């Protein structure tokens, strides 16, 4: 099983040179730590920044410079600041090429739910609905099952959804999977020590397994 | 140039009335009109509709207006960090309209820009789409969304001049420029108020035409929600 | 009869303290010369400037600073620069309170035509259609008749129109007139030496004359 | 940061093709991409659709592309100062779509911002409204207008950096920022190209995300159409 950092590390391999990327709150934020130095990419923060840098040192903390998770941040060289309207113009207009975000549930046709549990919890959708309706490539970072063992990769989402037919790839603590255009989770890689059978048993939606499924490897 | 200066927050908010629709700039606690909110808390107001991306935290920003039960309805994109907000929402004490953040930004921009409605892909197939017109353009589905306007818009800038021109700093810009344009009366508070002519016309983020009142703010707390530092 | 400068001078009396104003090409541009010094107003140029100043001295001419008529200009203190999208957001959003522009024809219900003579001349509407569809108060500066003596204040416009039911006031070389909400040109003032009968004979649309019509006076 | 620099105008325009839809920033002759237009004139192109507020003058700017009969269709708001443009229009040699200037600006902005359609009051009751949906909102009539996008957008800025961030000067900004966002490939020429990091992030008008290629322009003429001076 992968821990959160390993999920982030695996997702980082999907990043391509020259991309503009939006990272959601939580595990997606950790992806930044694993993007290879030789790739030139730009991280977008939907509250109005292109070019998120590392967290600041104590003496550089600035309340006027935060990311979408309200964490204090720094800017890289060549960054630009703008309004929320401009920020979502970028997102909606398809200029941000890759969105990485968390999910409570994903369905086998690529629907995603991540903003509300009726009667129990409402975080609000924030920018997620705009992001999933707009970006060409959407990768989800999530746990394969809930704490009580229920699969979160479903035939249909049970929670109010955030967007339809939008998720392209999923990296969980157990596996890497593509969402097929015709529906279904195509298993691509297994977490170290996790069997295809275990993934099958923990995936409620249709799982497509073709040939040998390699185990992920991590350089230390 | 037309002089928009007022003495202080109390004078700026003097005619805000119960049942009014208010907009507040800011994202999280960054770029929020702290002085105006404090002045509003001193007034006997109720049944306000507040449009703001977030609602502050429990004990700061709009969170304090929720505590004082001044707010009938919140229009926001994110409840997240505010337990009292989430509680009032789940209990039904507070009417809440949750809107995708980009749709919120664009609806406010449309209000200022005289665009009564526009199509956006955000929310198609979700409960946000309920009751809204859906239309296909070039093979993709979009929702029709309406403009948002306010009786009063409260914004916070870094620098401003007496003509109402504003310059924001860092990510404290966020919703402030669009809200400045969408208020019938826009009240700007600034960290540094300078005479007209001192700001470079090429570096102004919000032109003074959108601002009806401006004042020099004071005692900014600028709280940080998630202080995160590198080791 | 008023000359162009006098038309501009008369229109300047309509300007109120604190207004944001858009001046069209031609006579409207001259209005700026006659706005009293004790009024604080801001002139908007739809190509992206609030705060048009006087024309530059020879040594201050800047090709990157022009008005909507492509004339070189200067900026006043407290001016702001912005894009065309922002400029028309201001106009469309009703933030520019007064628009003064020229016309080829105006109808008695306030329609205006000023951009095209089919088969003969096409200037294009430029920003005029946005301006007349948006501003609360629209004042037209024009000649009362064409060069061959035809009235330009008509029952209905004969040329392709720029906007409907939008003109509030007209200042011509002969008269000042309001456009009545129920239709009709209400005569308010006569140019020096011009009789009501002459104005009546040169106005094709419905002219409303009530009581004594004063003659305009100009301080020299 | 992603480096967007190309060597010069010729390299920047190398893959522009006949029948393409092109956008050109500028208002009158202010803020027009002089270098890119010159480079395009050297290429064997025809049947172009050009979106630009004006079409230059007879012997400068897009006017030269009209003279060379490279253009099938112009989409503009104003013909005014260009006799050859007006002649080709009236004779029917050139297809021309005239659009209210604010509608043009907003349609281009919508193209960049992923808004497929919006309502605007400009043109209601005029020939601009022909064939368009008309709808009433809050007692006023509006037209439905569609977004505009381009295969290539050509913009001109004052300063730019290698990451594609742009700063414009004076009223030379005009249509450039929206067009930068609405081009599949946006080509920016600048008077001064600096390394990423030298521009203040708070003063950038067009973020680099919208720009695919940037180069240092040269030999700017910056012609003035109406030189007007005070005595």
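Letters A, B, C and D mark the chains as written, and numbering starts fresh at 1 in each.
Convention: contacts are C-beta pairs under 8 Å (C-beta built on N, C-alpha and C of every residue); 3 or more make two chains touch, one makes a residue touch a chain.
Per UniProt, the chains are A, C = 3-oxoacid CoA-transferase subunit B; B, D = 3-oxoacid CoA-transferase subunit A.
Bear in mind that the values here come from a model prediction, so they are computed numbers and not experimental data.
With A-B and B-C as the two chain pairs, more C-beta contacts join A-B. Using CA-based centroids throughout, the chain positioned farthest away from chain D is A. Averaged C-alpha coordinates put the centre of chain A at 28 Å from the centre of chain B. One simple way to say how far apart two chains are is to compare their mean CA positions; for chain A and chain C this gives 56 Å.
Once the centre of each chain is set as its mean CA position, chain B and chain C turn out to be 36 Å apart. Centres computed as Cα averages put chain B at a distance of 32 Å from chain D. Contact with two or more other chains is made by residues 49, 81-82, 88-89, 91-92, 134 of chain C. Shared contact sites, meaning residues of chain B that touch two or more other chains, fall at 106, 109, 113-115, 120-121, 169-170, 202. Per the contact rule defined earlier, chains pair up in contact as A-B, A-D, B-C, B-D, C-D.
The residues of chain B lying in touch with chain C in their complex are 1-3, 109, 111-115, 161-163, 165, 181, 196-197, 199, 201-202, 204, 207-210.
In the complex of the two chains, the chain D residues touching chain B come out as 106, 110, 113-121, 135, 137-138, 140, 142, 146, 167-170, 202-203.
Chain D contributes residues 27-31, 53, 76-81, 86, 89-90, 96, 98, 100-103, 105-106, 108-109, 120-128, 158, 169-178, 205, 222-230 to its touches with chain C in the complex. Of all the residues in chain C, the ones that touch chain D in their complex are 45-49, 54-58, 61-67, 69-73, 81-85, 87-89, 91-92, 111, 119-130, 133-134, 160-164. Remark: chain C residues 18, 20, 40-42, 44, 49-51, 75-82, 86, 88-96, 134 touch chain B in the complex.
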